[in-house]
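Shared chain: chain A. Partners: chain B in the first complex, chain C in the second.
After this line comes the complex of A and B, so read on.
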């Protein structure tokens, strides 16, 4: 049955049917509703889970690390500074190959303090060895949370996953959601069977000192696994469709790409608005399309190259930047086409930082600019008045 | 698609109103979306929230810039915040005030209706929290959402006597608007 709910509840409902043994999180706007809802479910007895109250995000990540290491299914969530405070532990979780699943309510990073949405927090963890999904709407978000557990806990993968949802836009946004049935989730997601776990009867060390003769191979293995995760993620999304009758996974989503000449590439909730922009452009005779990057890590390089075959112009719209280098998504798309004679023109636009709203007109303008001239790291809708102030 | 923008201040239940309108529209069998644009999270700060209602799935997630309908929970925002920005010419604004629309001297082409929602809320609910009352006025003025669905969403959100009183305020405002008491051109 469909119910109308905010994204935070869509996450909590998904986590509930995945039956995690341990949940630990620390409140931070705009993530707070996720764990509030889960705490309520545990208190009501709807969810039999150990809910651990902690003193910080560092503590939350440490709790799920420890719990995962003894073989528990775990969940945590954070945002922005909170995710960064978890950062050190998250690198450890990935290095220990623990399939912790987290939700990140994407929010900008301080300073200055800003509680609103962009993708800078998730971007800061792109190199950590964590699989990252980005959800467009609350339904996809709910479905990706469940798929994330399957991917993370697959014995061939055994890596943490973050499911990203745009702060406020999805966390506090109400939309109809079909909540997955517990019985079907139990079929789709078997109980977690760890390959290795901490056990007093069979002592083992996780995260031990690895000298130079050993460490590099651990990174080689994670990189190798990330590559292996690409077909596995596609497979899990097909299994999900078989079980629930709904497709909402996979590395990419193509929208009106059949004969498209100019294609937007973006991630997260703005893709919905971009689809509307594409419909408008199509009405005006433009051969426009959208390629949604649903999985940011592992980066779907080959799938992107294939999807963009025959495309002339690419308009990358991203809510993150590697300061000192430029747009992150754009540079990864460009490198995917390195020495490829069929490479399209790739232009990129940075927008929506710190929650700045992006009207349809600005999306269309980026499209038109791409057809006319070269655009590299163009900041959309910059305010001249704000630039005149000395910071 | 119909787009609604609600203006109010932190503490007036602006975000809740958007949520409950979306819930009610959904219960009427429509697709609905609601989301807030929080300012700093503090009492009294101007807050906006948005609702979209359609017969088909809604994809747009940008803020509502050209609303069909405006709900203004706090008339003191007029002149402080450009609340009427982008309001469609054939649109409608519903304002919580005891004044008649013509007394407000608002220079927009759209229709303006007023309702003493805070006064009604104070009388019926016992608190001048006008959000649910304005939802009833919205149903009466537009017919976009049924008053039954609004009352149901209000009762579900505020269980017990509080919800009952809020539903009464919804009904009263609905009837006032239905009876053509909102004024306007």
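After this line comes the complex of A and C, so read on.
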């Protein structure tokens, strides 16, 4: 039975059925509802997790690190400044190969302070060795949370996962969600069995000093695992579909791409709006489609090249930018086609930063622009008045 | 033929939980204290350590000197990692009979990690936190910390023609710990090993958060002879500059009295290069007087004589 709930509750309900041993998180808008919901579930006795009220996000990440190292299943969540404050620990968690699962309520990064949505926080952690999912709606979000545990804890993977959900748009947006049944989740997600863990009966050293003769291979191994994670993520999605009768995973999602000549590429909730724009464009005779990047790390290079075979124009629309370089998703798409004679023309746009509204017309307008000129790192809907002030 | 009867008579080999062969400097007070602490705690212990000398000299992969379950994460989070270990074990039902020790240098404890440490105290985790106080950031080359003593020369509080070294006094960390309302706080030194081990055992017999600060002389950073480590540890106590005591539930319950053994601060300062500048100029006498005042204050406050 579907229930109407906001994204934060869809996350909390997913975490609940995954039965983590330890939850530690710290409030930050727009993530706060997630931990509030979980705290209430623990208070009501519905969820038997150790809920640790920490003094900072740095502390939260460190607590789940320690708990994961003794073999506990863990959860944390954050956003923006909080995610960055966790940053040092998150790199550490990845390097120690601990399968911590987090939710990130995507929000812009200060300054100027702004609590609204874009993907800059997640982008800042793209090189950390963390698997990153982006959800389009609350159902997908709920389902991805559960799949994230399976992926993270797979002994072949053993890496942290972040499930990204757009701040406010999903965190505070209400949609019908089918909550996964506990019995089925228990089948789909077996108890976490770590290969190594801190144990007085079998004492081991975790977090040793790696000199130059040893360190580089640890990075090689994570890179290798990221590659291996691609087919595994696809497999986990199929397993999920078998158990729950719903397909909501996989590296990519294709929308109206059968005969598409021009394809939008984007991530997160805005894909919904882009799908509507494509429907409009199709009504006008355009052969448009959408390719949704659901998994940002590992980056599905091969799957993207395959999905875009025969496509002439690609329009990358993203809510993040590497300042001084340009669109992040765009540059990764372009490099996927390096020296490929079938490479499509790639136009890229930056939009929706700091929660700037994205009307359907702006997406259509960007599409029209790609027909007239090359568009590289073009900001959508820049406001003249806002550019004129000295801030 | 093996003479089993004779073999039995041999004294048992005492194996330490911090194995020899690590890379600490000769005379390292931190290594000495760590070994004493681990042996007092016993093998049913899980240890979380911060980044610093102790971690670096003991775990050059693929070697490790630790015979207990041990983890190092970052410079400022051993208290929070230990908190995660504690709640994790509890959630898994594996916590019975296990000691959890979080430890770190003075920099990790008093400066960069004080937020996490305060959180660990406040939440009441059953963890013993040990601060190895070598009074500076030794691992990175002797920079000052919040626990560097007044007038000490360090690489970031150097003495010079217009400087007597570190301008601030030690942060009162044991008192800050006690102010959290935790059940046990103690100060010890590597110079009195039995006292140190007794405090570890006492701490581990108490449920809840505990704080133990251990004065650990550093021959390299303090510029004293490696063979003087124990002596320097004792002189710190006997001059009143590093009183060693215990507090239970906020009250001082035990102090090590000096009695007639009390010494002027020069006895502690003189053998250490980090205070050399105080003896190089006649005006240094005034500075030494100020240091004597700090010792006098401690002696009065803790009733050391």
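The rule is short, and it goes like this: the second predicted complex is superposed on the first by the 391 of 391 C-alpha atoms of A that agree within 3 Å, B and C clash if a C-alpha of one lies under 4 Å from a C-alpha of the other, contacts with A are read in each partner's own complex, and residues count from 1 in each chain.
As a working rule, a residue touches a chain if its C-beta (ideal position, glycine included) is under 8 Å from a C-beta of that chain, and two chains touch if they have at least 3 such contacts.
Owing to the predicted nature of the structure, the values given are computational and were not obtained by experimental measurement.
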First (chain B), second (chain C), both or neither touched by A:272: first
Touched partner set for A:204, first chain B, second chain C, both or neither: second
Contacts of A:29 with chain B and chain C, given as first, second, both or neither: first
A:68 touches, of chain B and chain C: first, second, both or neither? second
Touched partner set for A:88, first chain B, second chain C, both or neither: second
First, second, both or neither for A:4, with chain B first and chain C second: first
Touched partner set for A:168, first chain B, second chain C, both or neither: first
Chain C versus chain B, contacts on chain A by residue: C
Sites on chain A touched by chain B in the complex: 4, 6, 29, 115, 137, 166, 168-170, 172-176, 269-270, 272-273, 275-276, 357-360
Complex contact set, residues of chain C against chain A: 43-46, 48, 55-56, 59-62, 64, 66-74, 76-77, 80-92, 94, 98, 115-116, 118-119, 122-123
Chain B - residues contacting chain A, complex: 15, 18-19, 22-23, 26, 31-38, 41, 58-63, 65
Chain A residues touching chain C - in the complex, by the definition given at the top: 21-22, 24, 49-50, 52-56, 58-59, 62-72, 74, 88-89, 92, 96, 198-200, 202-211, 214
